[in-house]
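In the two assemblies presented below, chain A is common to both, partnered first by chain B and then by chain C.
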Partner chain A sequence: MTTAKPIAEIASLIHSIKIGLEGSYSISSRTLELFKKIIANKSWKNAQELMQLVQEQGRILSSALPQEVVTSNMVRRILKIIREAFDLLREKNKEYQFDDGHTTLSLHKLITQTSETSKDVDYSKHHDGLRDVLLDHLQEIEIELETSSENISAQAEEHIHSSEVILTLGHSKSVENFLKRAIEKRKFLTIIIAECAPECRGHDLAASLASASCEIVIIPDSSIFAMMSRVNKVIIGTHSVLANGGLRAACGSYTVAAAAKHFSVPTIVLAPMYKLSPVHLCSYEQDAFNILGSAEGVLPYDSLAAKSAKVYSPIFDYVPPEFVTLFISNMGGHAPSYVYRLLSELYHPEDIEM
Partner chain B sequence: MEKTPMESSSLEAPPPVTLSSSKRRRLRKKAAKIRKEYEAKIEENMKTVTPATNSGEKSREQIKAEREAKKAAKQAKTKSKEVVPPLEPKPTEVVAPKTVETVKEDTETVDKSREQIKAEREAKKLAKQASKSKGKAEPPQVEKVVESMATVSLSESDDKKKPTLSKAERRAIQEAQRAAKAAKAAPIKPTVTKAKPSPLKEKSLSPVKSEAKKVPRDCKIKLFSHLEYTKGNPNILLNGTLHPAIIQLGEQYSKRTIVGSNARYFAFLNAIKKVIQDYETPPNKEFSRSLEVAIKATVDHLHKCRPLPVSVMNGHKYVKYLITQLDESKPENELKEELCNDLEIYIDNQICKAAQAISKYIKIVDGDVILTFGCSSLIDYILKHAQSEGKVNFRVIVVDSRPFLEGQELLRKLVSYNINCTYVLINAVSFIMPEVTKVLLGAHALLSNGYVMARTGTAQVALVARSFNVPVLVCCETHKFTERFQTDAIVYNELGNPDDLVVSHTCKLSNWQSQHKLVPLNLNYDITPPELVTAVVTEVAVLPCTSVPVILRYRPTEIGY
Partner chain C sequence: MPETHNNDDEVVDYFLQLLSKNEDMSSGIAAIKTLLMVLETSQFHTIHILQKTMLDAVEAMKNRSHLSIAAIASGGELFCRFITLSIGDKPIEECQRIMLDRGNAFLKKLLDSRKCITKLAEKFLKDGCKVLTHSRSRVVLQTMIHAAENNKHFHVYVTEGGKSDDKSGKKMCEELEKAGIECTLILDSAVGYVMESVDFVMVGAEAVVESGGIINRIGSFTTAICAKDMKKPFYVLSESFKFTRLYPLNQRDLSDEYKYPGKDSGKDVSKIHPSVDYTPPAYITLLFTDLGILTPSAVSDELIKLYM
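Let's turn to the complex of A and B:
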C-alpha cells in the first residue's frame, strides 16, 4: 500500500467529523464537495492519475473513519463516474461502432462484459474535456444528494394511510421529514417514538414533530414490545445498508425489528442511495463493526458498582435482512433482496475493494 | 432460618408484642396527631396565601367556625355517598388562592346574619341577570354594580371598621365580580350556575372544575384512556380506623419505596400481622367476622394507594381463609396468636422456602453467562446462593432500562457478592446476547393462559434471547400465579409517572405539557407470550408456561386461592 499523505482538505474533513460533524447527509455532501475541488483544481494528466489520486485519498478517509461508510461510498461513486466518463470519451474518439450495437446488449455480452472491459481499458490515455464532463456528472450527483431527502419524504403518502399507528426509534433526519410529510397529508396519526437511551434522541424527534393534528407518544425503550401489538408500521432510519440488505442502524433497532417481526408488522427502512454500501458483515460477532460510546450515560462513573462492573454502550445494531420488509430510497422502494443489484449499478466492481 | 434478600430494615417487623390498652391508646393518639398536623398544615397554607385578611389574629373560635364551614361546604358538595374524607385535600398550587378564598367565605357565612345573606343574594341575582340577558353588552353594567357596591363598602368601612358589616359587603362585591367575570369570559356559563342554585355548592365546585380542566392533558393517549395514573393520590385519606402500620405501608406503596412483587407481599403480610395483633373486637361483634371486614378495609386502602400485585391479592385470600378456619370458641388472644403463627409459617413457606427450592432447580454450570433484567429479589437470592456455594465460575449480565433503572440496585448487590458483572441498557441487549448462555427473568405474575406479566422490557429480552436461541427461564413462586387472563399489555396495566421519562430540564421533553398532543408513556408491566419462555421455575417444579392452570387446579386445597 502506498503511503500517500492526506491533502489538507481531507485532513480537515476527518478532523471535523471526529469532533462531532454528524448526519450522513452532511458528511457525504462535504465529501463530494471536497472531491469536486480536487478534480477541478489538482493537476492530473489522465484518468489513471486522477483515479489513483482519488483512491489514495479515499483510502485515507476510510481508514481514518471506518464507521463513516458514506465517505467510502462517495469515493466509490466518484471512481465509477470517472470510469464512465472516460469510456464515453473513448467511444467518441475511437469513432467506431460495435457490430451488434452498443445500446442493446446481448445476453452473451451481459455475461462477459465485466471481465472484458475491466482488463482491456487503458485509463492512462489522455482525453480532452474529461474534466468538464466529470464536473458535470458531479453536479448531477450533488443535485441527487440534495433532493434525496425530499424524494424520500414525497413517498410518504404512498405508504401511510390515515389514523395509522407508526413506531419509530431515535432520531433520524429522513424519518423526521418523512413523518412530517405524513402528518401534513394524513389525519389522526399516532406516532410512537422509542427514546433510544442513553442519549434519548427520541425526545428531540418528538419535540420537532409535535403538532396539533397528530398524537405523539414517547415510550422508554423497554415498552417497545408492549406497544408493538398496536402498531401498524415501523419506520426507522439507518446508518448504512449492507450488501445483503441488512442494516447497521441505531442501537435498539434489532429489538424493534424483531418485535415487529413477532407481531407481523411491516418494517420500512428509509435509506437514501448514498447509504447503500457494498460491505458484508462477515460474522454475527457484532463488535466487528460496532463502536462503543461513552458509558457515563448508562452507569454514572461515581456509582458504587462502576468500580468493578463492565459497562457497554454500543452505538449500532445489526439488523438482518429478514427483519426488513421494504427499503425506501430516493429512487423508490426496494426489497432487501434487491440491494445487491442496486449496488452493482451504483459502483464499479473494481472499486468495491478500496 | 435464612434471611431473605428482601428483608431490608424498613420491612422488618418489630418484635411481636401483645398490645396493652395503653399502647393502643398511644397509637390512636399518634394517628390523631398526624391528622392534626395535616390540618394545621392546610391552615398554614391558607394563611400564607391570603395575607390580606386578618387571619393572623384568628382566635380559636374562628378556626373552629372555619372548620365547620368547611364541613358544611363539603357536605353540600358531595351529596353522593362517596367516602367523605375528613380532611380537605391540600389545594394544588394552581388553584390555591381560589380555594382558600372560597373556604374563607364559607366561614363567613356562618357568622353572617340573615340580612347579609340576603344582600348577597341580591347582588348575585343582579349579576346573573346581567350575564343572562345578553352576554357581551352587559358586563359594564355589572361592573357598575360592583363599583357602586365598592364605594358603599369603602365609605362604610372608612368611618368605622366594623368587621362583620364590611365583610358582608366585601363578599357581595366579590360575588358580583365573579359573576361579571363569568359573564365576560363565557356567556354559556350562567346556565351552569343556574343549575346549581345553592351558593355554597357552586362555590365549592368552581375550583374543582378549573382543576378538572387541566387534568385531562395528562392521560389522553387514546389507547390508554381506560387506565389512569394515580400520582401519590391526595384523595386517599386516613380515616381513623386504619392501623398506623397500614397507613405507613400505603405511603410506601404509593411513593414506591417498597417495590417488587415479593417485597410488597412480604411487607403486606407483616403489616396484616400487626393489624391482627392490635385488633380489638368492637362490642357485640364476632371476632373473626369483624376482623375480616377490617382487613378488607385495609386492603381497599392499600389498593387505592397503588394497585395491588397478584401476590398480595393471593396473600389476602390466604389470610381470609385462615380467619374462616378459626375456632370461635377459643379466647380472642389465643386466636390472634394462632393467626400470627400461621401467617409466619406461611410467609416463611412462600418466600424463604420457595426461594431455596427454586435456587435448587436452577442449575448454574461452570462458565455460565447469565443475563437478567431489572431487579428481582428472587434472582438476587439465586445468584447469591450460587456464588456463596463457590463451586462454579459464572458471570452475570444485568440489563436495565429507563426510567426505573432498577437494575442498578441489583448490580450493586451482585457486585457486593463479588460476582463478575456486566451492565447494559435494554437497547444493547442484542449486542450482548451472543455470549449469554441462560436468561433468568423475574415475574410480577403468571397468568392462567401461560403469559408472564413482568416489568416492562422483560418480553423484549425474552424475544431477543429467543432469536439468539438462548434458553429463557422465568423464576416465579406459586403465590404469583393468578386465574386472570390477559393477552396484551394494554388491557390492564399500571401507568407510571410520565415525568419520569424527562431526563433533565435541558431535555426537549421537559415542557411536554405545553406541547400539542405530546405525551410520554410510562408503562409498568408487559406481557411475555409463552412461546418466548423456555420454562417457568417454581418451588413445585420446572414447568412449561402453559402448566399454570394445572398448578392452580391442583394447589393444595388448604391454601384455598
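Let's turn to the complex of A and C:
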C-alpha cells in the first residue's frame, strides 16, 4: 500500500527498538525527537505536505512495530497539532471562523454544520510561521512527556496511606516511581510484588524499592489469588490503554485484576497520556493482539520435556475495562468510561485510522 | 389558523409511500424526507406556525404508521430542533429557504451514515467468527454483506424476531443467504442455547436513549442478558439520528406509544404484546455510530452537546 521509503532516522529508530530499546517513555520521546527533526529540517511547503510526510513515516513505523502503539499515538498527536496550528493560523489571518467543535465529530456538528466539514479544509495553503508554531507545540509535548512520570507519582499520597498493603506485578517504571514516593511519605507499608515469571522483572522492582521503612514481599505468580484477600490496593502499570478503557498489560495482569475483583480490591492503573490509544480490540483472539516471548525461561531448550511439549510464553494480557477501578494519568484520575473523552481531546478523528 | 395545504392524511400517505417504494429506507430517514416535503410545499407566516406544522406532521406519522415509532420520533425531533437552530432575524421566506437548504444538507449526511457504520463495524467481523443477530436490521445486514464482499467468512445466527406476523428474521436470513453468507434461523427462545457458540452479538437499534441504552425489537434485552451472562460482547449498530432524549430506567418507563404503535395504540394494552423493549447501557459493550465507535456513556455526551 505504501510506496514511501523510510527515511534514515526512522529506519534507525525501528532498528534500535527491534534490538532492544525498551520502555514506552524512551520510545515515545525518541519518536517525538525524530519527528521534531523532520519538521525542523525537511523541506515542506505547506501543512498538507508535512502531514503526508508524517503519515507516511508513521505508517512505516506502525507496520514495522505493530506492538509498539506508543509510536503511532505520538504520530497521531503530532498530526493533530499540525491541524490545530494550521487552523489557528488561518483564524489569525481572518480566513475562517474557528469553532470549538471543529476537531471532533459530534451530533451537534452534524446538524449545524452545513457547508464546511472538516474534510473540506484545504491544508495546502501556505502560511508563514507554521514551522515555528509547530516546534513550539512540540516543545510543549516534550515537556509533558518529561514531567508525566513525576506528575503521576505526585498523586501517590492521595492513593496510598500508612499501613496499607499494596500488590503489584512485574516491573513498571511508573509504578516504581509511584511506590518510591509512597514509601517516602507513608509508614508501615507492605508491598507485595508478583514476580511475573518467566522474566521475573518483579525481582528488579523489589531490589529498587528495598528500604528500611517498608516491607517488600515477593510472591510467585501462582499465589496471587491466595495473597489477594489481605491486599488493600492493586497498583499496576500497563503497556497501553485501548479505546474502550481496557488494558493491554503484562501477562499476569488479568489474573491480578480478576483476583482483585473477586475480593473487591480496587485496581489502580498508572497510564500516562501517551499510552492512551484510540484502537479497539476487534476480537478476543490472541493472535491479533499478543506476541510470544522466548520460551527458554518457561522450559529450558535442553530439558527432556522440551522434546515432546509445546511451550508458549505470551507477553500480554487483555484486561477488560470493568476490572479497572481507576486510571491515574499525568492529568489526574479517570474512570475507564471516561477514556473515550480523553481520546477525543487527544487525537483528531481522521487520524485514528492511519 | 395556519394555512397549510398539507393535511395529515397527505403527510402520512407520502411517508408510507416513501417506505413502501424503498425497502432499504429507515423510517427515520423517511420521516425526515416527509418533513422536508412539508417544509417545501407549505406556506408559513411565522416560525411558530412552521414549528407547529412540523410537530403536527411528526405526530401524524407517529399515530398512523404501523411501524414502530422510535425512529420517527427521534428523527423528527432532531430535524425540528435543527432547522430552527439559530435562524436569526430574517424574513420568513428566507428562513424557509435556509431551513430547506439545511434540511437537504442534513439528509445528505444522514444518508452517508450507514456507510460510515459499515466501515467501522466490518473490522469486528473476523474470518471464521460466529455472530448472533436479533431479527432484521438494515445496518447490520449491510455491514455483513459488505464484510462478505471483502471475502470474510463467518456464520450468522438470526433469531425469528418476536412478532410472528412479520417474519423479519426469516427475511433477514434469506437476504444474508442471497449474499452468500452462511446463516441459521433460530427461535427467539434458542438464544440461550446458541450463545455459548457465538463470538459476539450484533444488533441494530430503533432508538438510542440518553443513558446509552437502546430501544429495539422485543427480545433484544433477553439476548443482551444472555450475552452478558456468558461474557460475550454485545455490539449495537445505530445511526446517530436515532439518538433520542428519553431516559427510561425500566421497561415500564417506556411510553405506550413506543411499545404499542400503530393499530394497537389506544387499546387496552394489558393483553397486547409489546413490540419493543429497553436494553440498559450496562448490557451494551459498544455502539457503532457514524460519529465513531462509542461506549454507552459517550451517548449522553453527544445528546447534551446537542440540546444544551
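Here, the second predicted complex is superposed on the first by the 330 of 354 C-alpha atoms of A that agree within 3 Å, B and C clash if a C-alpha of one lies under 4 Å from a C-alpha of the other, contacts with A are read in each partner's own complex, and residues count from 1 in each chain.
The working rule: a contact is a pair of C-beta atoms (placed from the backbone, for glycine too) under 8 Å apart; a residue touches a chain by one contact, two chains touch by 3 or more.
All values reported here derive from a predicted model rather than from experimental measurement.
Applying the stated contact rule after C-alpha superposition, one finds that A:Y254 touches chain B and leaves chain C untouched.
Contacts of A:A154 after superposition on the shared chain: neither chain B nor chain C is touched. By the touch criterion defined above, A:V217 reaches chain B but does not reach chain C. By the document's definition of touching, of the two partners only chain B reaches A:L299; chain C does not. Here chain B and chain C are compared by how many residues of chain A each touches, and B touches more.
Of the two partner chains, chain B is the only one touched by A:A197; chain C is not.
Once the two complexes are overlaid on chain A, the chain A residues touched by chain B in the first and by chain C in the second are 284-285.
Of all the residues in chain A, the ones that touch chain C in their complex are 101, 105-108, 110-112, 114-115, 243-245, 280, 282-285, 288, 337-338, 340-341, 349, 352.
Taken in their complex, chain C has these residues touching chain A: 78, 81-82, 85-86, 101-102, 105-106, 109, 123-124, 126, 129, 199, 233, 240, 243, 285-286, 290-295, 297-298, 301-303, 305-306. The touching residues of chain A, counted against chain B in their complex, run 190, 195-198, 200, 203-204, 206-207, 210-212, 214-227, 229-230, 251-252, 254-255, 258-259, 262, 284-287, 290, 298-299, 303-305, 307-314, 317-318.
For chain B in complex with chain A, the touching residues are 221-223, 398, 401-403, 408, 411-412, 415, 421-432, 434, 455-457, 459-460, 463-464, 467, 488-490, 493, 501, 503, 507-509, 512, 515-523, 525-527.
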